[in-house]
Amino acid sequence: MSQFVQLTVYGLANGAVLALAALGFVLIYKATSVINFAQGELLLVGAYLFYTAFVLLRLPLAVAVLVGVAAAVVLGVAIERVVLRPLVGEDPIAVIMVTIGLAAVLKAVVTMFFGTTPREMPKVLPAGTVTIAGATVPLDRLVAVAVAVVVLAAFTVFFRWSRHGIAMRAVADDQQAALVQGISVRRIFALAWAFAAVSALIAGILLADIAELSQNLGSFGLVVFPVVILGGLDSVPGTIIGGAVIGLVSQYAEGVSAGASQVVPYVVLVLILLLRPYGLFGQPRIERV
Amino acid sequence: DDGGNDDKKDIVVGVIADLTGATADVGKPYNEGMLAYVDNLNAKGGVDGHKIKALSEDYQYKVPTAEEKYKKFVAEGAVAIQGWGTGDSEALRSKVKDDELPFMSASYAEVLTDPKQSPYNFVVAPTYSDQLRVAIDHIAAQDPAAQLAVLHHDSPFGTAPLADAEKWIKDKGYRLGFKAYPMKAGATDHVGILQQAKAQGAKYVVIQNVSSPAAVVAKDIAAQKLDMKIVCLNWCADELFIKIAGPAAEGHLMVQPFAPPGITKPGHQAVRDYCQSKGIDLDAKGLHFVQGWYTMHAMVKGIEKTLADGKDLTGPNIRAGLETMPAVDTGGVIAPIKFSADSHRGATASNVYRVSGGKFTEVTAAVAPKA
Amino acid sequence: MAATAAGVFHTSYASELRLRHTSAERLRLVLVVAGLLTLPWLVNPYWLGIVNTIGIAAIGAVGLNILVGFTGQISLGQGGFLAVGAFTSALLAQRAGLPVPLAMLAAVAMTAAVGAFFGLPALRLKGLYLAIATIASQEIIIFVVRRWGWLTGGQGFLDVERLTIFGWRVPRTSFEFVWYWIIVGLAVLAVVTARNIFRTALGRSFMAVRDHDIAASAIGVDLTRTKLFAFAVSSGYVGLAGALTAHYTQTVTWERFTIDISIQYLAMIIVGGLGSIAGAVYGAAFIMLLPPLLAELADALRTRVPLLADQLPAVQAAAFGLVIVLFLLFEPRGLDRIWRRAKDYVRFWPFRY
Amino acid sequence: MITREYRFPLNGSLLEPGQPLLTVSDVGLRFGGVQALDGIALTVRQGEIHAVIGPNGAGKSSLLNCVSGLYRPQRGTIRLSRADGEVDLVGRRPHQIARLGLARSFQNIELFKHLTVLENLMLGRHHRMSHALLPALVWFGPARRQEIEHRAMVEEVIDLLELQVVRHQPVGALSYGYAKRVELGRALCMQPAVLLLDEPMAGMNAEEKESLARYVLDVNELAGVSVVLIEHDMDVVMDISHTVTVLDFGRLIADGPPAQVRSDPAVISAYLGEADR
Amino acid sequence: MTSGRGTPMSDREPAVGTDKLLTVDNVEVIYDEVILVLRGMSLVVPRGEVVALLGSNGAGKSTTLKAITGLLPTEHGAVTDGTVTFDGADITRAEPAERVRRGIALVMEGRRVFEHLTVHENLVAGAYTRGVAADFDRVYGFLPRLAGLRGRVAGYLSGGEQQMLAIGRALMSDPRLLLLDEPSLGLAPLLVDEMFDIVRRLNTDLGLTALLVEQNARRALAVAHRGYVMESGRIVLAGTAADLADNPDVKEFYLGLGEAGGRRSYRDVKHYKRRKRWL
């Protein structure tokens, strides 16, 4: 029992971080129909941005987070400006490729500035443990789950009801038609990337705190694929469920057979997709002839 | 070339390095150590008047890139190669054999020590298997019936010593329990495996991986308040592990063939002098810098011997040089390195350290696996 | 299509169905053939080795483009299929002692079968959902290859002997040279056969599925059969590339077939041009040549700007990404498109429209 | 009267004119809360142009989709008469139905937009061609022979629909009118037993409608192909069709010769309005 | 503002020399750097009028509207010559959003509603430039059918309903010039009536200026003040709606009227090569 609780808490904590990383994917996909292969690298950059503000510049925690957020927004907007703007209206697959290139650039830039050695960072999340149902549960994981839930809920609300959220979905549906409504597709793209960068920053801070700050954080991008697909590529609330399911499944698998945890999420994913081809909450494509 | 002894040709050595890839955190200082050694040597006149020209290229820990770099070095006339990972060393093994090029790497897999299988591979340090044997001997001495969990990198590097270790326990008649667990790359915790290890009743967790994941395990053990002692082998038994794991590193053990700069040995002096002259902080670079330095040193000694024997610098001749050179004395940084025609196992003895007060403290120096 | 070239009149369908119509096109073909025939004498073994890896990659990219560019089924499972080809051929040659050509043929068949099996989700899934489901096939294949002790005797990799064809062992000294002919021969065969597919009803049905699956089914295209067939045909080529990798590099390890490789192949066909056989070849060349060329550049810089030396590896990695980004900004539709535009420009010059 | 020699029979049905060819009985289809079709029954006879009209959302396209297998009705049967007996189309997959001789065009032009006109038309021949892999890889031999053989038939359609000038253009760049014609051509290349046309003349001016109507009439009168035609232009419908079926809210409200339907009060109030009479 | 409520539009005098809301002057458009589609296209839309633009398939009508709204770059097209002037300002190179803000709205060919959004969300998207000032009641009042469909997903509406929605969405930006690309396409006769009635009311009740691209020439000319006929990328005929309706070529090719003046039966039409006088 305690073992189960233990795995569950860690699984949920991982799921929470996964969901935050997945959120960026979903935002970008929703607005631009593009899979962002640079999401992991955004997370990496986000974590180092925070590190710079918090450790190198010695800013107080709250200020450092705000500076990090501001920097992430700037980064997102800059990416849109420089690399995505010229591609408005092009085949999404070209843009997908651009994100692959972008991933290499971002990662290399981090290497240039911060080298390849992991960095130490003072703990931001509470360090203690609590005992739940006989299991020792570290507080930092619980806080990570809470942070993720708050952020994800905020984004869900934004998409459902705000004008910009609707505009973003409109752009995803039909860019040309959105343009003639006076919706600036570029602005929406910039917004999506800025949001993605911010959610990646938050995920990056959490990850750096509960694990470590190193260039390996970038590899989180690929891990997120099953999460987004499971929840539905275009569903913000889907990331929460997707994150939780994948986080738990791989943690339980890890608790049974270490090697299996790499493949089990994918098997679960395929099985669910066969039942629900657009993930749990994804919007089916409307195909009428 | 830059004046002076034009008549003496440069000796080209290729260095396949991981400078930006998955293992760059240790790959970079290792590579720097090699290049520093060469720089130092050349400044003092080189080998028998020949300068060493070390071509170092980043392969990002990717096998196909390693192959490409290897071919490039061959085309540029390299007479010997310094490699890095287990994956690429094994991938290049048959190439090296075909091309008759002596090859050293930072992969200490046991297969590479057998000249019959890998005639051109040389292993300067105790193999991963030997390190694990030392660890097992040590544990068996402390707690003869302990359960042992080996957490390893999920790759040829990680699995290299497993079979040998199990055999060792059986051969020596130890009563130790043994189970191996692959570690998921990039995981933020290893609680799942630790749960399994706990169920197994493991008291000792041997880690054959790099420092970062090892530190994660240390933190998990601390957070879970588990009663387990980590034994780090070579690639996680370093300053970085202590740094990242912080207080969670306290009390854990390390099996490390190379003496870290923090444990002063006579052999460190040359390295320290060089670093001082270049304004490099050796203690910040850590033990992998020293490791790189002395690995290159061993290679150069073999070349020196070949030249001293009056032979051309061809692959087979250098191989013979390496096999016949006297034991290389590293001033205690690593046990004397000695190869022979039947064995390319350079050394067998490792040091056992304990982390205390955020530092290495020597438990036993230079122990080889029990005879 | 070629028939837009001015001044070409066809007197029979047969003449129109030819791939080359104008003397310029024929001249280009002659130049390409002449180039291929002389190349191995012009470059050193290192560059010839790179050409060889390009050749192998081109075969794999042609295969992937059949699936992605021509049938519209985005796949990130390429690495897995390469692995199937490589392990099958290596095992059959090393363990069962099959002659290498036969082993490679069996590898092609095996990969085609495995490809068709992992194509099954395509019957339900579309677009990026499918793309990500194919990552699952990648992970599952790699999982099997890594964990199934029998395959590699628990070592995680297999050594493969230097190629021996009908008792003749490829000499060490002319290793790249001999392989060049084998690889180029097979690559040309792959390109020609792939182009042929798309001149026929079979290829058209693939493209119909890509452009509009509902309309395709309404004209009698069996979607199930066609999608699975596309997976099989594509994987057949990929299997060939995998088998060649095994024998050419003389070692098979799963580390060579990770998701990174799948992404790299996707990069090749996008940069080259989706839905273009020639584009797949250009893309393979581009992606495989870029890093060594950047390394050359870095070498030149290292001596000139020693200050930068420490950062060079990272700069190289950044440059790799940057070149891809800039390239796609310049021409999102790929190298094939640039090539066509250049041809049009020459053809219509000096009249622009 | 225009006479044309057809080297290839475009009609894929062997029935005698006037015999029931396609019999829809009691078809019901719903999407969630929407009853798109409700107890529809009608008979298309060999050699006829059979128009289906009705307000937007009446279920005309849905009916066509049921016939061609894209939708599966929850109720009813759709039987196709062939020389060798009747087959029920309900439950068959679209490609199987296409192979039985049902060819169609779509309301919003569903062509293969990256392919050329010629390739689109050749795809109309798909179900009558072999798709073996080996000949395709080799090209020379059977594959090439087959291409040439079917090309002759396709050229006939190109000729009939006057598509010569756009033969090698990708259809994605074609203007609307040409695209509509290509879609008709693709269906004709299938040598159909029944040709189902969903608003083939939408978006055309009078002149273009006239020529498209001519094509449809030619196909019907000269080649003997039976046609099911959905169209909102009453002038066209009344002029060229033999039978008209009117749907409203998924239900059949009138069925008969054009003149009779036109003066039906239910049809006028649901569909025609006073202005367009 | 017009005052012509009730008077037949075609009877009115052409408003030459009056206040020009939109001027397209000698515009050349090239797609893909090689396909020349508009070759010196010029037209004028006077303030307060409805102008019909006729032309056969592929003539370049939609392209003209794309040039006016700035959509060409998204299709690899570009205006390579000429100018588009709206309300005195040169907007040839302006961003689409900028043009919407200035008061141009387009009802696109083929409806192009946002399929995955509900009807109301489509309207919210249409009001993007208006921010909080969006006036939903006005549009729901003008198109009462939409009010009943508020919560329905647009992709599953019938053709006619989608067309209403497309118009409603365009109205949400509170435009001064409405461009309509074949709004009656695919509509049933009753709805075609309603459609043209809406266009008329837009003009008379809301005072909107409109440029109407239509294939249904008879109805279009009935609602318009003036008209243009374009062929192969340029204007070949222009005049008041009444003049155009009287032109023999327009009668034959756009109105489908025979020599005698009555409508020919489609059955009687023979294959013929067109013999337009203006080509």
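Side notes on the structure shown:
Letters A, B, C, D and E mark the chains as written, and numbering starts fresh at 1 in each.
One rule holds for everything that comes next: a contact is a pair of C-beta atoms (placed from the backbone, for glycine too) under 8 Å apart; a residue touches a chain by one contact, two chains touch by 3 or more.
Quantities reported herein were computed from a predicted structural model and do not represent experimental measurements.
Using the contact threshold fixed earlier, the set of chains in contact with both chain B and chain D is A, C.
Each step here moves to a touching chain, and the least such steps from chain A to chain B number 1.
Placing every chain at the mean of its C-alpha atoms, the farthest one from chain D is found to be B.
Most remote chain with respect to chain E, judged by CA-atom centres, is B. Centroids built from CA atoms put chain E at 44 Å from chain A.
Computed centre separation for the pair chain A/chain D is 48 angstrom, with centres defined by C-alpha atoms.
Averaging Cα coordinates per chain places chain D and chain E 30 Å apart.
The residues of chain D that reach two or more other chains are 70, 106-108, 110, listed in rising order.
Residue positions of chain C with contacts to 2 or more other chains are 146, 214-215, 313-314, 316-317. Looking at chain A, residues 108, 111, 259, 262, 289 sit in touch with two or more other chains.
The touching residues of chain A, counted against chain E in their complex, run 88-89, 163, 166-167, 169-170, 172-184, 283, 286, 288. Listing the residues of chain D that touch chain E in their complex gives 2, 31, 34, 53-57, 107-108, 173-178, 199, 202-211, 213-214, 217, 232, 234-236, 239-240, 270-273, 275-276.
Chain E meets chain A in the complex at residues 69-71, 73-75, 95-97, 99-101, 105-106, 108, 112-117, 121-122, 124-129, 131, 153, 155-156, 169-170, 172-173. Taken together, the chain C residues at the contact with chain D in this complex read 1, 3-4, 13-14, 17, 193, 196-197, 199-205, 207-208, 210-212, 214-223, 229, 233, 275.
Across the interface of their complex, chain B is touched by residues 44-47, 49-50, 53, 146, 154-157, 159-162, 172, 175, 249-251, 253, 255-256, 260, 291-292, 295, 313-314, 316-317 of chain C.
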